[in-house]
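Beneath this line is the structure, given in C-alpha cells, with notes to follow.
Which chain is which? They are A, B, C, D, E and F, in the order written, and residues in each are numbered from 1.
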Amino acid sequence: MFEHLVRDALREDLGRAGDVTTDAIVPPGLPAKAALVARQPGVLAGIEVAAAAFRIIDPSLVFTVDIPDGGRTSPGAVVARLAGPAAAILTAERVALNYLGHLSGIATATASIADSIAHTKTRVVCTRKTTPNLRALEKYAVRCGGGANHRFGLDDAILIKDNHIAIAGGIAPALARAKAHAGHLVKIELEVDTLAQLEQALALGIDAVLLDNMDLPTLRRAVAMVGGRAVTEASGRINLETAPAIAETGVDLISVGWLTHSAAVLDIGLDIAA
Amino acid sequence: MFEHLVRDALREDLGRAGDVTTDAIVPPGLPAKAALVARQPGVLAGIEVAAAAFRIIDPSLVFTVDIPDGGRTSPGAVVARLAGPAAAILTAERVALNYLGHLSGIATATASIADSIAHTKTRVVCTRKTTPNLRALEKYAVRCGGGANHRFGLDDAILIKDNHIAIAGGIAPALARAKAHAGHLVKIELEVDTLAQLEQALALGIDAVLLDNMDLPTLRRAVAMVGGRAVTEASGRINLETAPAIAETGVDLISVGWLTHSAAVLDIGLDIAA
Amino acid sequence: MFEHLVRDALREDLGRAGDVTTDAIVPPGLPAKAALVARQPGVLAGIEVAAAAFRIIDPSLVFTVDIPDGGRTSPGAVVARLAGPAAAILTAERVALNYLGHLSGIATATASIADSIAHTKTRVVCTRKTTPNLRALEKYAVRCGGGANHRFGLDDAILIKDNHIAIAGGIAPALARAKAHAGHLVKIELEVDTLAQLEQALALGIDAVLLDNMDLPTLRRAVAMVGGRAVTEASGRINLETAPAIAETGVDLISVGWLTHSAAVLDIGLDIAA
Amino acid sequence: MFEHLVRDALREDLGRAGDVTTDAIVPPGLPAKAALVARQPGVLAGIEVAAAAFRIIDPSLVFTVDIPDGGRTSPGAVVARLAGPAAAILTAERVALNYLGHLSGIATATASIADSIAHTKTRVVCTRKTTPNLRALEKYAVRCGGGANHRFGLDDAILIKDNHIAIAGGIAPALARAKAHAGHLVKIELEVDTLAQLEQALALGIDAVLLDNMDLPTLRRAVAMVGGRAVTEASGRINLETAPAIAETGVDLISVGWLTHSAAVLDIGLDIAA
Amino acid sequence: MFEHLVRDALREDLGRAGDVTTDAIVPPGLPAKAALVARQPGVLAGIEVAAAAFRIIDPSLVFTVDIPDGGRTSPGAVVARLAGPAAAILTAERVALNYLGHLSGIATATASIADSIAHTKTRVVCTRKTTPNLRALEKYAVRCGGGANHRFGLDDAILIKDNHIAIAGGIAPALARAKAHAGHLVKIELEVDTLAQLEQALALGIDAVLLDNMDLPTLRRAVAMVGGRAVTEASGRINLETAPAIAETGVDLISVGWLTHSAAVLDIGLDIAA
Amino acid sequence: MFEHLVRDALREDLGRAGDVTTDAIVPPGLPAKAALVARQPGVLAGIEVAAAAFRIIDPSLVFTVDIPDGGRTSPGAVVARLAGPAAAILTAERVALNYLGHLSGIATATASIADSIAHTKTRVVCTRKTTPNLRALEKYAVRCGGGANHRFGLDDAILIKDNHIAIAGGIAPALARAKAHAGHLVKIELEVDTLAQLEQALALGIDAVLLDNMDLPTLRRAVAMVGGRAVTEASGRINLETAPAIAETGVDLISVGWLTHSAAVLDIGLDIAA
C-alpha cells in the first residue's frame, strides 16, 4: 500500500519532460546489470520501496534482494541486484536511493541506540516527530532497526502533556476527563516532570508515564516508585552517549525524536556493472 | 500551492479518530495564546507552512510572524505568535513544527556552509538527494539559507554522469547526443573525474562541469583550465571543514547533498502563554 | 476535515451536466428560505456535514442550526434553517439529506439501545462493520447517539479472534505473540467462546475480553469470573429486545454491528418556505 | 472501474500501522483456505468487489465464485472460496464483507419487493436516496435484485418536483422552461399530487409522471387517465405490505427509497477451512 | 465545481520551481492593472474559469467581467479588467488565457454554425468527440455559442450505432435489447444509413434517429418519412458551407464534432495598463 | 506515467452508469477484431495512449501497432489492430480516438510546418499555449511531428517578456535581476521588438532572443546582428504560408502557438472486422 508514494516521488523527479539526459543518451533497448551497494555500515530499511521505484518505471526489470530489511550492511556490500533496461535503471535510480537511504538512515540510527542499551531490558521507541507524509514508512524503518513504535498519530492513544494538564487545571481533572472520554481499547499515558506529579498519577491509575527530562537519580527513583504499575518512558536529550545510563535506570522505554527527524541517510549507491 | 501537502500531513497525524487527547481534555471554546520559540540558533524556513497547519485546523486563528523565512534565530527567540482556540493550537502543533523544524534545519545547514565560504565568490547549491515528495519545499529552504538550487528534477537540464558516458562510449558521443536532443533553453552539464576528461569537454563546448571528488590541487588546475568558459561545480565529501578550502580553489559552485538529506532539524517548540 | 467527502458526493450527484432541472426552471438570482424538518423522532447527527453541502454549492448561503448533533428530533421539528439562492438550496438538497439521514439514523439506532440499557452501567459500542469510506463519520454518529467507539481500524488495537487463535495453535501462543508485538500504548482484546477459554485468558493477563454469543447464564458467570480484571464486551445477536437482559449481566460493553451497517435512515426533509 | 473505492476502504481500515493483530500472530507464509458463507437467504451483489479487496492485499490469492451476483443464497451456502496466504485473507476480510453485505442487502431488499409484485407488470425502481459516494454500486445492486434504476444523478434527466413547480408558478411554465432547456435525449418527468395536476401535465405532454403519495383509488384513476401516454411511477410509503396493492393499480413503476438508504445488510461471513 | 481543474493546470504550468521569471524580476508588492482584451471577433466562454486562475494565485486580486459568457467580442474589446499584484497577474496569465481561448474558440465555432442556420428551426449540437478531461467545460462552451448538447457520456442515453446493429444482427434485435435494458428516463437514438433502415426503426418506435452521411435529397425524404415521430439528427461532414442546406432539409439537429475537437482558439490577450 | 490521464478520461465518458448501449446490446463474451484506420494523411502520435484506453477496460485485449508514433498515415492505412471482447472495444473506442486524433492532429500540424522549412536549418518549436492538463502529451506530439519543445512551464527557464521589461524599467535592470536570480542550469531568453532592444540585449549577454512580430527585412538584420551569439527565435503570425520565408531569414527557431492550441484533429476511425 506504499506504491502511490513511490509513484508521487517519481512524478516529482520526472516532472513534465521526463529524464531528458537518459532520453538523449541511452538507447531505448539497451540492457544493463547494476547493483545497489552500501558505502557504509548500517541497517537496511526500504528495499521493497526501492524495488517499487524501478518496477514502476519498467515492470520487466528484475530486482533481486541480497540484504533484506533489518539486515546489516558493510562498505561495499551488495544490497540488491538489478537486470533490465539501462534507461529504466538510470531514470529510477535517484528516487529509489532517496527512499532507501532515508529509511536505512533511520534504521541505522535506531540500531545504534538499540545496540547501546542491549545489556538492559529497555527498548528504544520513536515519536511523532517524523517527516511529513512519511510517517508509516519511517515507523517501519524504526522497527527494522530494532526499535519499537510509539503512537502513529493523535488518534492512537491519549498522551496527556504539560499543556493539557495546565489547561485542565491539574493532573487529577486531566486524567478524569481522559478516562471518561477514552474508548476501552485506548491507553492513557501522562507526562510528568516531577516525582510529586508521578505520585499523583500513580495514585489515580495510569497505563504509562512519560518521565520528561529527569536527571538520572530522579529517573531511578521514579522507576522505583512506579514499581511496575505503569510502563515507564524516559525522554529528553537522549543520544548515543546518554542512552546507556538512562536505560540502566530501569525505565521500560526511551523515546528519541532524532531517529526520525534528524538521522543522516545511510550512503547507498548504484553501480552499473562493467 | 503547498497547502495540500499540509492538509495531507494533518490527515496523517489525525487519522480517523482525530486528536483524542485534546478532544477529551480541552474545552472547545477555550481561547489561548502561544508562541513558536526557537531553542537553537539557526536560520528559519517554512513559517508560512507552519501557519497553514494552524489555519487549516481553525481559520479564525491569528498567526503573527516575528521572524520571517531567512531570518536568524537564537535560543529563546519568538518566531511567531498565535492567538486562537487552545484546542486548535494543540492539535496542529506537531505538524506545524515538523515542517518548520525540518525546513529550518535545511536552511540552517545551508547557511553554515554559505557562511564558511562567504569570503569567496563560490556559492553552495543543493542536489536531487531530497526527501521524497518534499523537494520544492526543501529547495526553497536552501534558498532561505543563502544557497542556490541545482536541478529540481530530471527534466530541468541535462546532467551527463559517469554511467551515461560509459553507455555512450565516451564524452564525445555522449555530448553529441545531448546537444542534438536538448531544447534551446536546456543547459548541459557534464561530470568529469579527471583533467583529461575536462579538457575533452571544454574542447567540445559545455555549459557547466561537475568536478567530482577531485583533490584540492587538481581542483585548482581544473578551475584554471576552464578559465571562465563554463560554470564549475565541485562535489564529493563537502562539509563544514572542507568547504572553505574547496571554495578557495575558485570553483563557482559547491554542491552538497546532506543539506537536504541529512540536516538535523532546527529545534523550535511551542509555548502556551501562562 | 470531512469537506472532501461532501465535495465527492456532490460531484457524484451533479455528474457532468449538473442539476439540469434546476438550471432549466429556477431563475439564477431568486432568493429562498427553507428549513430542514424532521419527519420522525430520533437523534440528530451530521448537521455540519449537511451545512457543508449547501455552502460548497453557494458560499453565500446562510445556514442556521436549530438542533445540534446529539439533539432529539420530533416529527415537524425544525432542525436547521437556510436562506440563500433557491437554486443552490435545491441542488444541494439531496446530498445534504443523504448524509444527514444516514448519520442521524445511526445516532437514533444507537440511542435506542443506549436508552434501553440506561438503568445499567453497560455502554453500547459500534464495530468495524461500517459502510466503506464512511467510518469516521459513522463512528461520530454513534457518539452522537450516546454510544462509544470500538476500534477505528485494524491498526488501533489488537483484537484476537477465533481464526487467529486457531492459526496460532491456542490462546497461549496467540497472546504471547500479541504481547511481544504490541507497542506500549496498544491494548489487547481476546475473543472467547467458552468459560474455559476465558479462564485461560485471565490467567495470562488481558486488557479486554470479547464474550461472543454466550447465553445469559454463561455471560453472568463470565462477568463474575473476570471480576474487574479486564473489560468485558458481549457481542452477537444484540438488539433492542435482548440488550437490557444482556446489560443486566454486568458486562461493561455490548457491541452492535447493525448500528452502522443496518440502521434505517432518520427521515428528514427540506421544506421551502411559502 | 470500482477498484479505487476498494483501495480507499482498505486504507481506511488499515490506517497507518496496518493489521497489527495479524502481523503479530499469523506467520507471513502460512497458506489457508477459506469460504465466504451466507448466514441468511437473500440475493447476492458485489462478489467482484469482495474479490478485489482480497486481490489488492495479495494478487496471488485465488478467489473462486460459487454464487454470482444476482444468485440466491441460503443459510450455509458457500458464496465463494479463497486459497492464499492466511494473513491476506484475514486482513482483507472485513472490507470485503462490508461491501458484500451492504450490496447484497440492497439486492435482497429489492428482490423482496420485486417478488411481491411479480404477478403484475409493475417494476420496482430505486431513487437518488443512496449512501454518499456509493451510488453506482448501489444502483448495480438494485439491478442484481431484479429492480430497475431511476436517475443516477441530477444530470440524467429532468424531474420536476413540487418545489420547482411552486417556483415556476405552476405546471405549465415549469414544463415550458424544462422543454426549452432539455437536450433531445433528455426525458422529462413531473411530480403530481392531484388528478387535476395530472390532467394538466398530460395535456401539455410529458414523458413520465411521478404520482406521489396517492391513495389506491386515486392511483387507479390516475393510471386510467394516463392511458399509456406517459410512464407512471408511484412513490411514497411503499413497503412489502403495500407494494402488491399499489402495483395492482397498473402503475408502471414503484420507486422505493429504502432499498438503498435503509436496507439491512445480508449476513455473510468468512470461514477458515479447518 | 471546476476549480480543481484550474488548480491542476496551474500546477502543470508552475512545476516545482514556480514562475522563475516573475520571481526574479517583479517586486512582490507591486500593484498593477491589466485587461483581458479580445484580438478577434467571436463569442466568449470561460470567463469565470479565467477568473479562478487569477484568484487561486492571489485571492486578493479583483477581477471585473465586462463581457459575460455568451457575449460577442470584437478586436480590441475589453473582456475583463484585473487589479492586484503584478506578479500574480503575470503568473496566472497563461493558464487563464489557455482556458479562455480554448473555450471561447468552441463557443465561436458553435455560433458561426448557429448563425448560418438561424433562418431554420434546426439547432446545432456537439458530440462526444471532446478533448479528454475537458468535456463538461467544452459542452458548456457549446451552449455559450448557442448550440445544444448531445450526450455527455456513454451513460446518458442509448445511441445504437452501426457496430451495435451488426453485432445484434439487425435493427430489430438491437432495438429490442435496448428497450428491455433502458431505464424509464433513458431515451434511445438509432443511427441509420438508409431510408430502409429508417422505415424499420420508425415502425419499431424510436426517440431519435441519427441520419448519418446522407445526401440532401435523401435527408429531405428522411425528414418527411419521420414526420415528427422522432427527433431527426443529421451528421457527417457538416461545416459552415454545408450547414445551411442541411438545415433547410428540416432536420431538427445537426451534430458537428469539430466544434469541440478542432475549433481554433479565440485570440484573447492580456494587456498590462501603462 | 500517463495512464492516470486515460483512466480519468474513461471515467469522464463512462459516468456513473457506464456504456448503457453496449451493456444492452453486446453479449459479454463476444469476441471481435477491429482496426484503427486513418481517414487522412498525417503523422501519428499517441498510439500507446490509445492502447492504454483499451487495456484499462479489458487487460486481455491484444493491441498490435502497425504505425508507430511519428509514422506517416494515408487514407485507409491501418494504424493498429485489436483483438478482444467486442464490448470492451466499443466502450473504449471514443476515449482512445479522442486522444489519438488530438495528438496526431498536433503531430500533423507540426510536420506540415517542419516540412515547409526542411530546406533551411530552422526548427519549429511549440509554446506554452497548450490545452490545460495535456501539456506533456502535446509536447510529445510536437516531437513526433518533427518539432522541438520550448519551455514545459514557467519553472523551466527564464523568458523575459515585454511586461517584465516594462515593470523592471528596461532591459538592463530586467536582465540583471534575472541573472542574479537564475540557477546555473537555467537559461535566459529575452523578447525584443526592435533592433535597438536587440543591440542592448546582445551587449549585456543573453542565451536566446525572441524576435516578436518582426517583418522579414528586420528579422534578417536581427539574425545578422546576433551573429551566432545567441539562439534566435521568431514568433508571431507564423503559418504554413509565412513559415518558409521566415525560416529563410536564418533564424534558429520559429515558435508556433497553434500547433498545440488550434490544430484540427487527425481523422482516425475504428472499423470492426466483418
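Annotations for the structure displayed:
Everything that follows uses one rule, which is that a contact is a pair of C-beta atoms (placed from the backbone, for glycine too) under 8 Å apart; a residue touches a chain by one contact, two chains touch by 3 or more.
Keep in mind that this is a model prediction, so the values were computed, not measured.
Chains that count as touching both chain C and chain D, per the definition above, are A, B, E, F. Two chain pairs, A-E and D-E, are compared here, and D-E has more C-beta pairs in contact (counted per touch definition above).
Seen from the C-alpha centroid of chain A, the farthest chain centroid is that of E.
If each chain is reduced to the centroid of its CA atoms, chain D and chain F end up 45 Å from each other. Chain B and chain F have Cα centroids lying 34 Å from one another. Among all residues of chain C, those that touch two or more other chains are 12, 14-18, 135, 149, 152-153, 155-157, 159, 186.
Within the complex formed with chain C, the chain E residues making contact are 1, 135-136, 139, 149, 152-153. Per the touch definition, chain F reaches chain D in the complex via residues 10-11, 14-18. The touching residues of chain E, counted against chain F in their complex, run 5-6, 8-9, 12-27, 30, 32, 86, 90-91, 94-95, 97-99, 101-102, 105, 128-135, 152-161, 163-164, 166-168, 174, 177-178, 180-182, 186, 258, 261-265, 272.
Interface residues of chain A, counted against chain C in their complex, comprise 125, 148-152, 155-157, 159, 183-187, 189, 207-208, 231, 233, 252-253. Residues 12, 15-16 of chain B are the ones that touch chain D when the two sit in their complex.
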